[in-house]
Amino acid sequence: MTTTSRVPVTLVTRAAPGVEVRDLTVVYKTPLGELPALRGVSMIVEPGTITGIVGESGSGKSTLALSLLNAVQPPGRIAGGSVEIDGLGDVLTLGGEELRQARGRHLGYVFQAAQNSLNPLKTVGKQLLDLGRSHGVRDGRALVRDAMSLLERMGLDGARVLDSHQHQLSGGMRQRVGIMLALVLNAHLVILDEPTTALDMITQATILRIVREVHQERGLTTLMVTHDIGVAAEVTDRLAVMYGGRLVEHGPTREVLGAPRHPYTQGLIQAIPRLSGDITQARALPGRPPTLGTLPSAGCVFRERCPRRMDVCETDDPLAVAHGDRSVACHAVELPTPGVRVERATPAARVPSGAEEDHT
Amino acid sequence: MISGTGITKTYRRKGDHTGPQTVPALRGVDFTVPKGGAVSFIGESGCGKTTLGRIVAGLETYDSGDIVIGGVPMTPLRPRKREPYFRRIQLIHQDPYSALNPNRTIQQTLRAPLTLRARQTGRSGSWVDERAAELLALVGIDPGYVLPRYPHQLSGGMRQRVVIARALTVDPEMLVADESVSMIDVSMRLSILALLKDLRERLGVSLLFITHDIATARYIGDGSELYVLYRGQVVEQGPTETVITGPMHPYTQALLSAIPVLHGLERPGADRVVPTEALDERRPDTGCLFARRCPFSTQRCYDEHPELAHCLDPAHEHACFHPHRRQVIPLELHAGTPVHRGPADGGCGAAGTATGDATGAGSAGRVRTTA
Amino acid sequence: MTAILENTAPVRVSTRRDFWRGVRRVLRRKPSRIAGVVILALFALMAIFGPMVYPSPLPRDDDALYAAPSLAHPFGTDFEGTDVLALVVTGARYVILTGVATAVIAVALGTALGLVAGFHRGRWDSVLMRLTDLQLTIPGLPLLLVLTTIWKFDSPLEMGLVLGLLGWGGVARAVRSQTLSLRERGFIEAARGLGLSTRHIVIRELLPGMAPYIAMNVLIAVTGAIYAQVGLFFLGVLPFDSNNWGVMLNLAVFGGGALTSTAALPYLLAPLLAILLLTLGIVLIVDAMDEIFNPRLRED
Amino acid sequence: ATENGAAGPGGIYTTIDGSKQIDATAPINPFNPQGSTFAGYDAMSLAWPKNSLLDADQFYPGIAESWTVTPGQGEVVIHLQPDARWSDGKPVTSEDVRVSVGLAYTQGGSAYTVNAGAAGAAADITVVDGKTIKVTQGSNRSNAFLRNVLSTIVVPAHVFGHLLPSDFWQTLTAARGTGPAAEQAKAAITGLGQRVIAFAPAKDVSAGPFVLERVNPGAALLTKNPYFYDADRIAPSKVKVLNYTGNEQIWNYLVSGKLDSAPFTAVPAAVMHRIERTPGNEVRKGYSPVAAALAFNQSHKPYDNLHVRRALAYLIDRGQVTKVASPEAGTPAVTTSGIHASAAKAWLGDGLATLDPYKVDPAAADRELKAAGMVKQGGFWAMPDGSPWTVRINVPASFSDWVAAAKSVASQLGDHGVRASVVTSADYILYLDELAAGKYDVGFWLMGLGPSPYNIFQRLYGSANGWQLLAGRLTHVPAGTQGNWMGGPETAGGVNPGELTNRLNLATPEEQKRIVGDLAKFTNEQLPVIQIYDYVNTQFVNTTRYTGWPPPGSEALRLPAGVWMQLGMIKKK
Amino acid sequence: MKTPPPRGRLRANAVTRRVMGHLARALAMIWVVTTISFVIIRSIPGDPVRGQYEKLIERGMSPDAAERATAALYGFLPKGTLWEQYTQYLGALLRGDFGQSLSTPGTEVTTLIGAAAKWTILPVLGGTLLSFLLGVTFGVYAGIKRSGKLGDLLSISGSLLHGVPQYVIGLLMLAIFTTLWPILPAGGPVDVEFVPGFNGPYLASLVQHATLPVLTYALASYGGWVLAMKSSVATVLGDDFILAAELRGLSRGVLFRYVARNAILPLFTILALSLGMLFGGAIFIERIFNYPGLGLLLVNSIGARDYALMGGTFLITTVAIIVANIAADLLYAVIDPRVRTAA
């Protein structure tokens, strides 16, 4: 059911929470001192949307995702900022029991390596009950029933899966179990970190479809972290592009892809090998993505590779500037840029297009 | 020219006493790579791509079939005798991180094979260093910067270039690139692809390109052939663009259908094929290997084994009893690519191992098409 | 030529310097580790120069048999009136020499066999691994006890040879599994594909990566050998013709009654203390090595 | 659980059996070398040898109340204790003795051997009456006969009797003959040996003062035998025999005051002081006819040279060695005579004073070494050809006093310019083996095993030095063969010490005295060994629970405490 | 859904194959060990008879008596060529006959080993289990609080105890508890005064005598468990599923159990192996405390040159380890679902 997800969000549910990330900074302790993996990231996630966070390896996507649960692992540390989640308040101020209860109950997390996110010694069913018990669920039977229906919803034999150990499930099945565990306690904010990275293409397509369908049916706010822009493009409503620990561009998916504004986004999209279109137009981005150690401490993180860099980029960090529902952090973007196609997203793009095929 | 005929390989699982004892990784694969040509292999995970690549590079033995390198069949030769031939085929590893010894500088890494080469051809020691610099320049990196460094001090893209340069030290006739770009950051993938294409054009090196990302197969240069592997078998084969835009085999179609659409830049293709169930290796393999998952399968598919054959285009072969061209890949929003549709070549099934009476059932499968 | 020249960001230090910097950092993180280095250095000096410091034969004081600790004799004297401290210092060479000899033999043998088994797989592998299993299965100490009755361990080196021959199994198995996993690494395969010789691959490509691991095994083997050897001397099943810690233990307990009366207690405690100190030094260093080489335990 | 006196009126007597390790699985059978029987407690012999300096034929009564012997020891008549009974109430009879002798034949031995021609073999055993038995010696006489007869261990016929086939005595007679039938009979008898050793009675039947109740790997517990002929004399109601694997365990027991008596053990001085501090502990010292010596392998150079041996003797301060090695259980040897000093005084009288005492005399040593052609290089003596010379003194590692002594000797030699080192052997058996195989130059060696003069000198001029006694004929085998590791000359100065020694076996007391004198002089001059120290039989007793005890110097001190009890030497406090 | 293939039978076959394979290898190994021990033991120099004789003399027995006592031994020395002895030896072993002891003539080697095994198993098993429990408990703590002061202390002390040889600990224990502060018996298995059986005084004495050996063994092996558990915990803590469980908000108790269970699993096989090793006895400990187990038996048999006993003890020790190896492997298959249910 790929088509209905593009229904305006407010119609779907009241339960979906919004998220507001403000000025989030996360540092990792390294031999070279504490280095920022996220620097001043601000982002608003509207309730009921699927937001994709894309970026190359090391751009800070996982760190951002973990920050939403206040779960940055040592040697990392959240150095500043806030993460307001509707119904929970600032997650970064939560601690102990409160935080634990929030995780799982309100915030569902599907792990980057969901392949290994299950206890190898216990059956899925037992782990489900552990989860229930940890969150004070009295009615184990009902929990199992919910889990079974979720699994069946995702096309699995619920009873058999609950009775299986991790190693008895295929990668795609495990990923679905991961999603089930994130949702079974009725969390309405779901964060998926690279949910399809280790899967083959056909399974990936299935998982993406499930993500979309479940999102829509349960009325969730979903954040999906991925390095594969195609994956993000396929499922998300909104897209946030990260580079070097910064959020460089954020806006509706089709607009960002169709009319990227930030030079990085533009270069990136140009650099994607694609099945359609003219291959001679494709260009790789020059230079190499930064790592924690090579990030410049001041100025624009992208300037080394930027075709439109200016003097100001050396010294000043560009602030994210909002244009309607899009925002871009680039000194050069205010100016009209020749050669880059800027197209306003047409309303048609957001209309549910029954034109897309159905494959149930 | 390098070619393979009927290559099979079955892995025996030693030590592990549970589960099936043997894994058929390749079940009779034929291919031909012309001099300076390029061949891509695509397929799902576990379909045998890596195995094939390693066999072709001489790093793995094969059970039966033959590999012919420059007109010399390898099978009758003793392993020792094969070595010089296989040295003309160099594998470029998927993972540039593990493909370089972390304890050795790039200079040391390049010197070893070059010194050997110099000794074989009676060249001087200074040639070694010159050649190293030359090769690095050839793959597009600054020798002065790279040579004294350790691999971890280089980016993924640079590392992959070093790996390619190292493969070039022995002046290979063919490079086998196994997922050579999948571990490289998106922003730099194209530059490696461009390099491979460039090497083909400038040095006349053939290329065996292995990937699960079909899109990259388009970037390795003109005149490339695409082979679709499924469970150790080639199910479709033809010129890359032809196969991508007009796949005939339902498996190829399913594979292409699964590729995410870059909404905003692209719109979905007209057709879409989704397998009816997940792969289960434990099932017995009779008839068409894809039959169980195929939305179009008939009884014949379970009973007979389809062989590769062509229909209309002699260069485009496929192993299906019910071939049907479908347009499954997304189209660019702003350019109108022609859409291949309908049963343009219906009724032209692949040759069966046994002649059954069932005929192609056309597009009776579960396909939804949209205008 | 369409390939784009990659830009060249500055890179600060080379690996080797990096390594030593890492070592220094790890050592500095816990002062106890520096103590470990100091202790080990002390024992090494003792083994090398100890016997040169004292006259040979060691002076005896015929009137001070089993003398109590004093300024002149910090650990008292033995049954003959020889200074116990001098005995510990001069005895260190035998003990440590055996330990080093054992470690060298066990680790060299284990590494060689492990490399061969891991690299050649197939039949060689099975044969060598059966052999390794056998070596690991046969209980070392009992075998050693039985062996002491047919083999005269005349010199520390001979002793080291036997202990080494009994102790290579663990190293071989570990090196084999390391080799197997490294073998799957691309660079080994690439080297083979390029036609480089097996010797080059093993010596230049495989071994350097395993060197730290092997070094750690050497240290552990040294301790193991010292214990086994001192233990055998203590049990009295080994013939001896020179002074060493094990002999001291044996003479103190079975000859001097160190556990019965306090007179010979310093004579017993001195070598015990030496063993404890050496253990402590090695434990501290292995702990540091663990952190240097095992990223899982590294916390920063 | 150390409380003594807890069991019964007489209390528990705790001690140690010095002659064996306790083995809980061993059968209750005195013929088994490891057997769970304890001499003097539940294993009885006809009589118990005294530890007389001169006369090896003195005995305390055991199961035999008395005995008579004809001159020349042709006939021994034994009178059993009239009241002797087994612990099951049956009387001890001549038949028991006869069966015991029969069993002894199956084991072989000096008096009861099937080889009719052997010296000192019994010719006939006659039961005179229920309590009297007569044993006659064969024609080839030995003055050890009485000793051998009296040390027969007596076992109950009703328990062990079935081990002997009914025709045993006929077979024995046949074995004494010649020809194939005799050989067959001999084989039949020796063939019984294993069965006898392996026999495991279900329970102990003892004629001694105690009977075995229970044994575990750590100790054996014996209870008083109510039928013992002299039961009144036996003070303890139980005896606990503790096992030990090393001397240090005995020291610990002694320090904690656990032992009522303990047999001879080497004790370092400091431990001795600790032991003496424990309330009630006393030391009883007596004569022990054993000495420790440094023995030479004369087939190795330069020890074949008498001058070298003498030089070494002049360099060793035996007093200092004794002080280091065995201050409590040894006295420095007055000189090398081949005999323990106490016995030497008795045998030699003034003759002892005429022997060279080998006082420490470096000048004399230098002279001797020069006479031997040795040369001094860089302060150290070297072989005549200038090659280095190191005296390698071998000792078994498990003998702590010997190790200490050897170290002390080595140090002293070193002080006088003779390089010396100590080499240990892992264990005693290996040591003896290699010693016998001639692998050592110099090694420690027990000597002077009295009281019989034959035994004393047999150590020096017996099989270890090449003299073999085969079917009554004495031969001398070359050095390095058949266990001749000492490698001394067959005659020196016209004296054949082996022959003299062999004569001791048959000689009258006067003759013995003369021969002993000759041999002592010969030994003192020829120095096949250097006598270092003479052992002192140092026994420990604890007077808190029992009193009495054999007085210091008593001839009984070498016997087990069970015999002391039989002799009425231990009383309840 | 189509019916799955008959997995059950396939698995049964696989398990049988696994067991058979192990057994075949174990038998081959036992044969090799037997041969090795035969060769070694028969080449040991030293004549037990002469040794026994001299020993008795040294302890004060008269030469005649000593000769009588040792003469009996002659009948038991092995005869024939080495090859004949070997075939006889193997044949006898196949019948379960280890021969007769030389030093205790007339007693089967198996009897001696059985008697000693009893004493080895009791304290070493006790010591192993005690140290396992303590070590695992502290190891979990050290693994979790790796960077803390106490965790550091635990692991350093663990390494130290692990590093210090058994005999050092044993000697110190002996010095402390029997010399300086004599509250425990210095040796022996049990006081002979008490009637063996299930009665208070006997058991009390048993426990009293076992305390020091058990404690020494426990101390000596404790460090190993701490270290193994610590590193196992560290490994598990690095596993993704633990972070995943944390992010699902599982309670601390559940998390702890996840870590502990997964970490302890590999230790169970080590435990099984070390239980096999216990047959070798703690030679030093038994020697120091004069505890009559297999280790002491071996030492004594070597001292007495008792070929048969030596060979038997050595063989039993080795076979126990081989058996423990198989047991550990099967145990792992049983307790680890990854192996158990693999199909």
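Letters A, B, C, D and E mark the chains in the order given here, with residues in each chain numbered from 1 onward.
Here is the rule we go by: contacts are C-beta pairs under 8 Å (C-beta built on N, C-alpha and C of every residue); 3 or more make two chains touch, one makes a residue touch a chain.
Treat the numbers as computed from the prediction; the structure is a model and nothing was measured.
Asker: Based on the averaged CA atom positions, which chain is farthest from subunit B?
Answerer: D
Asker: Between D-E and B-C, which chain pair is linked by more C-beta pairs in contact?
Answerer: D-E
Asker: Could you put a whole-Å number on the gap between the CA centroids of subunit A and subunit C?
Answerer: Centre separation, subunit A to subunit C: 52 Å.
Asker: CA centre of subunit A versus CA centre of subunit B: separation in Å?
Answerer: 31
Asker: Hey, how far is the Cα centre of subunit B from the one of subunit E, in Å?
Answerer: Centres of subunit B and subunit E (C-alpha means) sit 56 Å apart.
Asker: Could you grab the centroid distance between subunit C and subunit D? Build each centroid from C-alpha atoms only and quote it in angstrom.
Answerer: 47
Asker: In subunit D, what residues contact two or more other chains?
Answerer: Counting only residues that touch two or more other chains, subunit D contributes 246, 252, 398, 427, 430.
Asker: Touching two or more other chains, which residues of subunit A qualify?
Answerer: 284, 288
Asker: Among the residues of subunit E, which ones contact at least 2 other chains?
Answerer: Counting only residues that touch two or more other chains, subunit E contributes 45-46, 178-179, 287, 302, 305, 342-343.
Asker: Can you tell me which positions in subunit C touch subunit B when the two form their complex?
Answerer: The touching residues are 1-6, 8, 11, 14-15, 185-187, 189-196, 200, 204-205, 208-209.
Asker: Within the complex, which stretch of subunit A touches subunit B?
Answerer: Its residues touching subunit B are 56-57, 170, 172, 199-205, 208, 227-231, 233-235, 253-258, 267-269, 271-279, 282-285, 288-289, 305, 349, 355-359.
Asker: Looking at the complex, which residues from subunit A come into contact with subunit E?
Answerer: It is residues 66, 69, 71, 73, 100-105, 109, 111-114, 116-123, 127, 130-131, 133-135, 157, 165, 167-168, 178, 181-182 of subunit A that touch subunit E.
Asker: Show which residues of subunit C lie in contact with subunit D when the two form their complex.
Answerer: Residue positions touching the partner: 57, 60, 62, 65-66, 79-80, 148-149, 236-242, 250-251, 253-257, 259-264.
Asker: List the residues on subunit E that touch subunit A in their complex, please.
Answerer: 1, 239-241, 243-251, 254, 258, 261-262, 265, 336-338, 341-343
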